[in-house]
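Heads up: the structure comes next, in C-alpha cells.
Just so it is clear, A, B, C and D label the chains in written order, and each chain counts residues from 1 on its own.
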Amino acid sequence: MIKVGIVGATGYTGVELLRLLAAHPEVNIQVVTSRSEAGTAVADLFPNLRGHLDLNYSTPDTGTLCACDLVFFATPNGIAMKLVPELLEAGVRVIDLAADFRLKDLKEWEKWYAMEHACPELVATAVYGLPEMNREAIKSARLVANPGCYPTAVQLGFLPLIKNDLIDMSNLIADAKSGVSGAGRKANVATLFCEAQENFKAYAVSGHRHLPEISQGLIAASGKDINLTFVPHLTPMIRGMHATLYAPLIKKNVDIQAVFEDYYKDECFVDVLPAGGHPETRSVSGANMCRLAVHQPEDSRNVVVLSVIDNLMKGAAGQAVQNFNIMFGLEETAGLVHIPVLP
Amino acid sequence: MIKVGIVGATGYTGVELLRLLAAHPEVNIQVVTSRSEAGTAVADLFPNLRGHLDLNYSTPDTGTLCACDLVFFATPNGIAMKLVPELLEAGVRVIDLAADFRLKDLKEWEKWYAMEHACPELVATAVYGLPEMNREAIKSARLVANPGCYPTAVQLGFLPLIKNDLIDMSNLIADAKSGVSGAGRKANVATLFCEAQENFKAYAVSGHRHLPEISQGLIAASGKDINLTFVPHLTPMIRGMHATLYAPLIKKNVDIQAVFEDYYKDECFVDVLPAGGHPETRSVSGANMCRLAVHQPEDSRNVVVLSVIDNLMKGAAGQAVQNFNIMFGLEETAGLVHIPVLP
Amino acid sequence: MIKVGIVGATGYTGVELLRLLAAHPEVNIQVVTSRSEAGTAVADLFPNLRGHLDLNYSTPDTGTLCACDLVFFATPNGIAMKLVPELLEAGVRVIDLAADFRLKDLKEWEKWYAMEHACPELVATAVYGLPEMNREAIKSARLVANPGCYPTAVQLGFLPLIKNDLIDMSNLIADAKSGVSGAGRKANVATLFCEAQENFKAYAVSGHRHLPEISQGLIAASGKDINLTFVPHLTPMIRGMHATLYAPLIKKNVDIQAVFEDYYKDECFVDVLPAGGHPETRSVSGANMCRLAVHQPEDSRNVVVLSVIDNLMKGAAGQAVQNFNIMFGLEETAGLVHIPVLP
Amino acid sequence: MIKVGIVGATGYTGVELLRLLAAHPEVNIQVVTSRSEAGTAVADLFPNLRGHLDLNYSTPDTGTLCACDLVFFATPNGIAMKLVPELLEAGVRVIDLAADFRLKDLKEWEKWYAMEHACPELVATAVYGLPEMNREAIKSARLVANPGCYPTAVQLGFLPLIKNDLIDMSNLIADAKSGVSGAGRKANVATLFCEAQENFKAYAVSGHRHLPEISQGLIAASGKDINLTFVPHLTPMIRGMHATLYAPLIKKNVDIQAVFEDYYKDECFVDVLPAGGHPETRSVSGANMCRLAVHQPEDSRNVVVLSVIDNLMKGAAGQAVQNFNIMFGLEETAGLVHIPVLP
C-alpha cells in the first residue's frame, strides 16, 4: 500500500480527493491536515464519508508528511510552494492541485497570482500533469502541477486540431461554462445559493488566471504563437464544465471526426462521441472522463469542439489520482472506475 | 380600452403574455383560445393568475377574434399563418409570437420549418418587430412578426458594432445560453426536471432555426454579407438568456463603451452597463429589458459583447407588448414597468 | 407622498422592500442606510434596481431618519431596539422586520435571542403586525413588529380551526419547509449553492426561535394552552415557504372547507383554494399572498392544512408594506398588486 | 457469475439498476428488454453507461429471460404480474421493483392500483423485501416485492419505536418529501423542469398508494392497529427523500438515542446519527443507505424521527441489489460500496 498525505482537504477538491483515495485499492491515507479543522473528524465535515473514512484532521506537521510516499496539496494557491522543497528533499513525491507550479514563466505567474514565488527553482522541474500531453514525463516526476479545470477541458479539445495543423492559431476562441463548485467552499456572498441559482453570467472577461496556462500548453503543442480569447461563465449547477471551442479551419476535405477518434484511441479517460453528438456535463458527473464532440456547422468558417468534464474530477481530484497512478506505475484506471450517477 | 384576443395561450409565452396584459392599463382581454383547454379557467391552468384573470379558454372562433382590435398568436409555428389572412381582412391587427412571418426568404423558411407557407403573399408585408431596428415601420404595421429570443439577444449586441463599421463581418461568433423555458411547456422527456437539472449541453450545433433569422437582420443592418457561427446551449435555469458575442475588431483607438452608450441612449429597454460590467440574467428576470456589456480582452483580436434578456420577456411576450404599445401609439413602457424580482 | 426611510437594506428582505417601495404610488424613499455599504449606489449592489432607484446607501443618521414619516428596519435582530425609542420620540412611526418586538414575554425573548432587550418598556406597546389577526390595532400603531415567515404561514393556517374550536390544541404539528433566502444574504458556508442545491434537511428540531412566536399567537387566538411541535426544513429553492399543519379534529360533520372560505372571505391577501387543492409555492412567488388548502385524509384522525407564502413577501417585506398601508389609511393593496411570475 | 435479466430498464429505476449491476462483481447482465427501445444501445439512451455497458435493448422474450438465474422488473405497475408465473415455473427467481406484489390484501391492491391482479395466488408467497424486517425470509425467497421509496424511509424510521413499545400507535404522522426522480422518466408536463424547479408542493393528501403499504408493515411489526396520516411532497431536487416522522411518546425516561443505535447496530445500510443530528439527503446520494436521527423537542409530546434515503437507491435499485445479494448468499454489501458524491 502506498502511503499518502493530504494537506488542506477542507474544500470541494479535497473532499473529492478523499472520496477517491478512501476507496483506492493501493492507497493508505496516513494523514489529512487542516489548521482550521484540526481535531475534527473528517466525516463530521463531510457526511458522505461517514463509515468510509475514520480519520481526524490534524495540524500540518512536516514529520508526519515526510513519512508519506506522496503528498497531495488541496490548498489555496501559495501554500504548497512553502512546504514542497522540504518534502522533495525528504524523498516525498508531491502533486499540487493548486496553481503554484503550473506556469513556467515566473513573471506571468507572479502577475496573475499577485505574490512572489517561494521556490522559483522548482518551477522548471515540475511536470505539468496533463497525462494526454505529458504521460512519459509524469512517470518519473517528483513534483506534478495538476492542471486547472478550464485548461484541461480546453486543451483536450484543441489538441487534435493543433497536432494535425488543421486550424488557424491566430483566432482561437474558448467559451467556457463552469458549475459553481469551481469557486470553492469558502464563505462568500457571490456563491450563495440565492445568488447563483436561476442565474447565468460571464466573469473575468478582461482576463482570467487560466488564460496563460492554456496558452502555455497550446503554444507548446503547436510550436507557434497563438491568439486565444477565453471567456468563463458561471452556470447554476454544482458540478460540470462545458467548453465550446471555435477555430477557423484551414484545411478542407479532412475527416475531422476520424482525426479526433484516432488521436484519442488509446486514452482511457477521453471519449470522442459519434459524429453529430452533443456531450452533456451530467454524462461525466463524478467520473474522471472528458467527452468530446466535433462539429463543422454548415456555412461556418469555424470548426466547433464541445468538451465536457466534471470540474472536480478530470478537472481536479480525478486527474490528480490519474497522475498518482502513473507516477507509481499502477494501472492508470486504479480507483477511477466510477460510473457517473444519472439522473 | 383596446380589445385584444390571444390564440393559444397554454404555453410559457402565453402565460407570460397573460400576466402582462391582465395588468396592462389600456388593455381589455376579450378572448383566450385553446382547442385542448376549451372550457378550463385560465387560472386553473396557471395558478399565478388566480384573482387576476377571470376568463375561460374558448375554442378558436373567427367571429370573436374579429371583434378584437388586435390578436396575439402564442401558438406553435404554422398555426398563425392559417388564420392571419382572415383577421387582417377584417381589419384586426396581428402580432405573431411564433416564427411564421420572421423570414423574408420563403425557401429558407420552408427549409427550416419543414412545411409549406400558407400565405406567402403576407410575408413581405409583415414587419419584423425588433423596435430598436424597426420602430417606424412597427408604428403603422398591420402584422408584426415578433422576433425569436436568440435573435433578439444577438442582434441587439451586434448592432452598435455593425452600424459603426467596427468589426470584420466575416467571422462573427454567437455563443448563446438559454434557460429551459425556451423549450416550451410540452410533455417531453428531454426537458424533464431530472434531465435538465445539474446538466449543461450544446444543441443543434449543425444548424438552428434562429441562425437565418439572425443573419437576415445583421445583413440588413450592415448591407454586407456575413459569416456567423451560432451555437445554442441549454442551461439549468427556468428563465434567462445570455449571448456571448465575438467579432474581430477592425478599427483601433475607438471608445467602444461610448459607442454602445451612445447607440442606445434613447432606448428604454436596452441598458448598457458601465465599462467592465458582467450582466447577470437574473437582473432582467421578469422584465422587458436587454442589458449589455462590451469588453476588449487584453491581447485578444476580438471584441466581446455580453447580452442578457429574459427569454420570455424581451425575448417573447414583453417584446410583443412593446410592439403592441408602438402600434397603438401608447407610451412604449405601458404595462412594462416591472422591477425584476431578485433574488 | 409619505416619506420613508429604510435602515439596513443590504439583505434579501431589504432588496425586496426596496422593490416594493420604489414602485409604491404613495411612497417617497428618503434614505436607505447601511454602515458597510455607505456611498455605494443601491443599484450597484442589486442590479434589478438599475433604472428604478437612484439612491446611495448612507451611514445611519438620526437626523435624517427623524425627518421621515415612517422608518422600516430590515436589520439583523437587536439593531432596531437601539434606535426605535428616539424615532418614536420624534414622532416617526416604525415597522421592524426583525424580531426585536415580536415576543411579549421578555424572558422568552432574551432566552431565544441571547441578548438583553434595550427598550423593554416598548415591547408591550408594539403591535404584532399580522393584519388578519390585528388589523384594528395596526391602524393606530406607532410601532409594528412584523411577523416572522414561519409564524405567518403557520398562524394563518391554524386560525380558522382554532377560532371555530374544531381541533385538539394539545397536539398541533407544524412541518414547515423554507427556501434558502430565509437564511439571508450573509457569507456562510451552509447556504452556499453547492451546500444547499440538490439537498434537503431539517434543522433546529430541538427548538427554533419562531416556536414561541407561533405559540404566543395561537394561545392568544384560542385562549387556551397549546402543545405545538414545530420542525423547519431547508429546501433547495430561493423563495417560498410551505407549512403542512396537522391537528386532531374534535368535531365531526363540519364542512371545514366552508369554514376556511368563510373565515377569509374579506381578506385580500389570503386565498383559500377549492376543495382538494394543493397550493404550490411558485403560485405566490413575488406576491403578497398566502394560499391555503384544507384536507381531511381518509381514515386519518387529523385535519391537514397546506399553507404557502413567499417568505420574502407575505413572510417579510410584502407584509411590512401591507402594515404600512394600514397604518397610513391607504388602500391595503396599494403597491402590492403583483402577479406572480410563472414559470 | 450469476446471470441476470432486466425487464423494462428505460426509466430512472432501470438506469440506476444498470449502473449497479454493470459494476457488480458477481453479476453478468444477460439481457435488458424494452419494447419501445428494442435495438437501441443502452448507452445511447443513458450516456453515463458509455464504456461500461455494451448491450442493446431487446424485445422481451421468455426464452431468453428463462435462461437467467434472476430477473429484475423495473417496469410500470401491472407488467411484472403477467410474466412472473412463467419465470418462477422455469426456476428463475424474481425481484419486482414495482408494486405488483407489495400488498397482501388483494382488495386494497386492486383499489389503489385500479386493475385486477393477474396472479393473486402468488401474492401470498411473495416476500416483502425490506431486509431490516424480513432478512430470513428473503434468503429463501423465489419472488421478492421490492418496497416503495416512501415505505422504506418511513418504516425504517418507526421500527425501533414500535418494536420497543415507545409510542402511541393511534396518531402517527409521516410528512415525507421526495425528489422529482420518484415521478419517473415519462413525458409529463407536471415534472418538466419549468414546473418543478423553484417550487414546492404537497400532493395526494387525500390518499397515496404507499399509505396501505406502510400501514401493512407497521401493523405487522407492532401487532396492533394503527392510525397513520401520510402526506407526500415534491421538492425541487433530482434525488433524495426525507421523511419527518411524529409520534406521541408514551414511555418517559427512555434513552431513545440508545434504542435506535442498538436496534440498528448490525445493519450495514442503516446509519443512526449521533444525538442532535440532522441527516441531509445529499449524504446518501448515489448510495444504498438510510441515515436516521431521533429528537425529542423540548416541551413537545412527540418524538421526531428524521429519515433520509436516496429514493433511487435504498428506495429502489440499491435495495433490489441488496435483496439480490441476500437471495444468492453473497456478501450483503457486494456491489453496493459507493461513497456518496458530495457536493
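Points worth noting:
Going forward, a residue touches a chain if its C-beta (ideal position, glycine included) is under 8 Å from a C-beta of that chain, and two chains touch if they have at least 3 such contacts.
This is a predicted model, so every value here is computed, not measured.
Contact count check for B-D and B-C (C-beta pairs in contact): higher for B-C.
Farthest chain from chain D (centres taken as the mean of C-alpha atoms): B.
A straight line joining the Cα centres of chain C and chain D is 39 Å long.
Each chain gets one centre point, the mean of its Cα atoms, and the points for chain B and chain D are 45 Å apart. Spacing of chain B relative to chain C, judged by their CA centroids, is 37 angstrom. Chain contacts: chain A has residues 12, 181, 185, 194-195, 197-198, 236-239, 279-280, 282, 285, 343 touching two or more partner chains. Residues 170-171, 173, 175, 177, 179, 194-195, 197-203, 205-207, 227-231, 233, 235-240, 242, 244, 246, 248, 276, 278-282, 285, 293, 295, 297-302, 304, 306, 308, 343 of chain D are the ones touching chain C in the complex. Only residues 12, 15, 19, 22-23, 46-52, 181, 185, 197-198, 238-239, 271, 279-280, 282-283, 285-287, 291, 337, 339-343 of chain B touch chain C when the two sit together in their complex. Of all the residues in chain B, the ones that touch chain D in their complex are 12, 180-181, 185-189, 191-198, 236-238.
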